[in-house]
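Each structure below appears as structure tokens.
One chain, chain A, appears in both complexes that follow, with chain B as partner in the first and chain C in the second.
On to the complex of A and B.
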């Protein structure tokens, strides 16, 4: 009996027990979807990918304005630039296509993924920079600019393909998933608010003049072009902004914390179609 | 002779008075320097305590956005000799750091409530 107590204590100490005790990712996914279905009965599963412009969430006016913006979207030029950068050979003559499956075309829906070789989460932006370094180029700055443009172009080639994220039954993969899930539900910062407080429990409500979008489908439109930014930005750029808004110290882009959050959120969006890049206010 | 004696006495008195004044001003400058040094030592202790609290909060992902900035502002105020402002800021920073730690601990098992 003493041995069992000691083992349990040790497991708690190293943080293994909470992972074992947590719900399986598939159960989380079902409950997450069911929550939003109940909260927004007039919004279809795919429609959530339009964020706070989704039918059943946005007002008719807001929706119409967004549709107008998407007709001649402000991300067109950066998207073209992204394609040009993607296709331009490095100094050694190779291109980004040499680093990715299927030449980097139509693969966004599989990102981020758990890599069993490195036992870590791989993001699309992370692999873009890995590719550069592997080919003797300097890595790009995270969050915006060229990396967002390249990532947006690659994501655009996946438009219409359903997000397909796997959480294999391996301790490191599950730990990353749980880490992301914890970040999403844990209150933080001086305002004591979690991601879920805004984008789950209060989704569809106004916070001052802004309509809070639902988390379901959030990742499908990233990188997004935000009017506030006046440029394209990656998901990690947005994570940092959200954390700052609740007055928490943000993590660095491509930190393990944000990679885990991206992993969790994309898993929660499984089955929803990529529509990146998207326009957001 | 008398005519010379009076100015001489006056001059020596002035020198003596000047000497006293200079001694007084240097001892008051010394006292001021001692006071500043004592205030800086008190502030440094408060600063170290706040830095430790912030490190502890940060180690569990509980650091708040402005705490580090407040600490820098406190240090700048102390260096400018405004110890009242510096103490106020450093106490607020320490409070934030402690709250951030408590918050992170309280949220250790955070999860959904459907």
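On to the complex of A and C.
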């Protein structure tokens, strides 16, 4: 039995068996990291957080262009705006800081998390809007604009801090984790592709002119500023875009489905340092 | 597909082994060549085959490299029915493939697939 288990782990590690069996989250995490380490031997664990600009994935040219863009990043202005919004009191005189641990500073690495009181997954954007509603303000629109700016500012105060997501041994937490994992590995849409097809099994390859990034490290730079969007966007905005590419109907931003996916991906990025916001082409 | 170069060279050696026999030019009728042209359009169209997303094809720009370059197809698929099967539903050969199941998912119609097959077979 033990031999078989060992063999299975080895096959997963070399990428022969897709990781679909109901394994404990810690085992998934080990296998996930091992997969990318083997696929990109020249890319360090932290380096993956630079997406398709990572050393060992991007060409030297592409990498240099991105480094130039990060010198005077186009997200500076929205980031300043995010800080201003974050610090401006609501009509009742309270601020966002009153809703978060440590006044909202340096906490992004704990999001999303499983909340045992509501037995649900809480995202940073979700709690930004909860805070507004609690203080008599209208919720912001998801995905871009002010919410992305505030979230980006909050995340920027966590730069350099390692993602630290827990999946407690409780049925609802595990169910959310499994739901996100399932979304990640399941084929979907008319074009029948999974997230893993593009960002795992074919990461580092070109799909048409696009270099596919590795999922390991995907969340750390979000919200990202994407030139194609001309603005900041949250992870759920990106999920919707990637669902649409395969002609699948996207879920709503902050739906349980995307919250679960975000939870899974952040768990898979445990130990990698927040570098949000990041610039993307 | 991590090493298209290797595949190209092995395909090239297959041609070398088969010699000119398999690739002897066959007269192509005008009707056939218009089918091939239509197949090419469908293969290159981003909303249809979009084969260039994953395959290098002679004459196509900015091709991806997820799948092997599509060259010397007669040498690689002596049986045209097998080639049609691969394009119709790549899952038959590889259940976990990223290649789109063009037929079963109705991304291309039966007659569109026939045209694409003729085009790919001409490569």
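Here is the rule we use: the second predicted complex is superposed on the first by the 260 of 281 C-alpha atoms of A that agree within 3 Å, B and C clash if a C-alpha of one lies under 4 Å from a C-alpha of the other, contacts with A are read in each partner's own complex, and residues count from 1 in each chain.
The rule is simple: a contact is a pair of C-beta atoms (placed from the backbone, for glycine too) under 8 Å apart; a residue touches a chain by one contact, two chains touch by 3 or more.
Predicted, not measured: the structure shown is a model, and the values here were computed from it.
For the composite obtained by overlaying on chain A, chain B and chain C can both be accommodated side by side without a clash. Comparing chain B with chain C, the partner in contact with more residues of chain A is B. After overlaying the two complexes on the shared chain, residue contacts for A:35 are found with chain B alone; chain C is out of touch.
Applying the stated contact rule after C-alpha superposition, one finds that A:248 touches chain B and leaves chain C untouched. Contact with neither chain B nor chain C is seen for A:119 once the two complexes are overlaid on the shared chain. When the shared chain is aligned, chain C comes close enough to touch A:198, but chain B does not.
Contact with neither chain B nor chain C is seen for A:84 once the two complexes are overlaid on the shared chain. Of the two partner chains placed by the overlay, chain B and chain C both lie in contact with A:190.
When the two complexes are overlaid on their common chain A, residue A:166 makes contact with neither chain B nor chain C. The superposed arrangement places chain B and chain C with a least CA-CA distance of 6 Å. On chain A, the surface touched by chain B in one complex and the surface touched by chain C in the other have residues 18, 190, 192 in common.
Across the complex, chain A is touched by residues 1-2, 50, 52-54, 62-66, 96, 98, 100-101, 105-107 of chain C.
Residue ranges on chain A touching chain B, taken from their complex, read 18, 22, 28, 31-32, 34-35, 181-182, 185-190, 192, 194, 196, 200, 243-244, 247-250, 257. Considering their complex, residues 18, 190-193, 197-198, 201-202, 205-210 of chain A touch chain C. Against chain A, the residues of chain B that register as touching in their complex are 58, 61-68, 96, 99, 103-104, 107, 109-112, 114.
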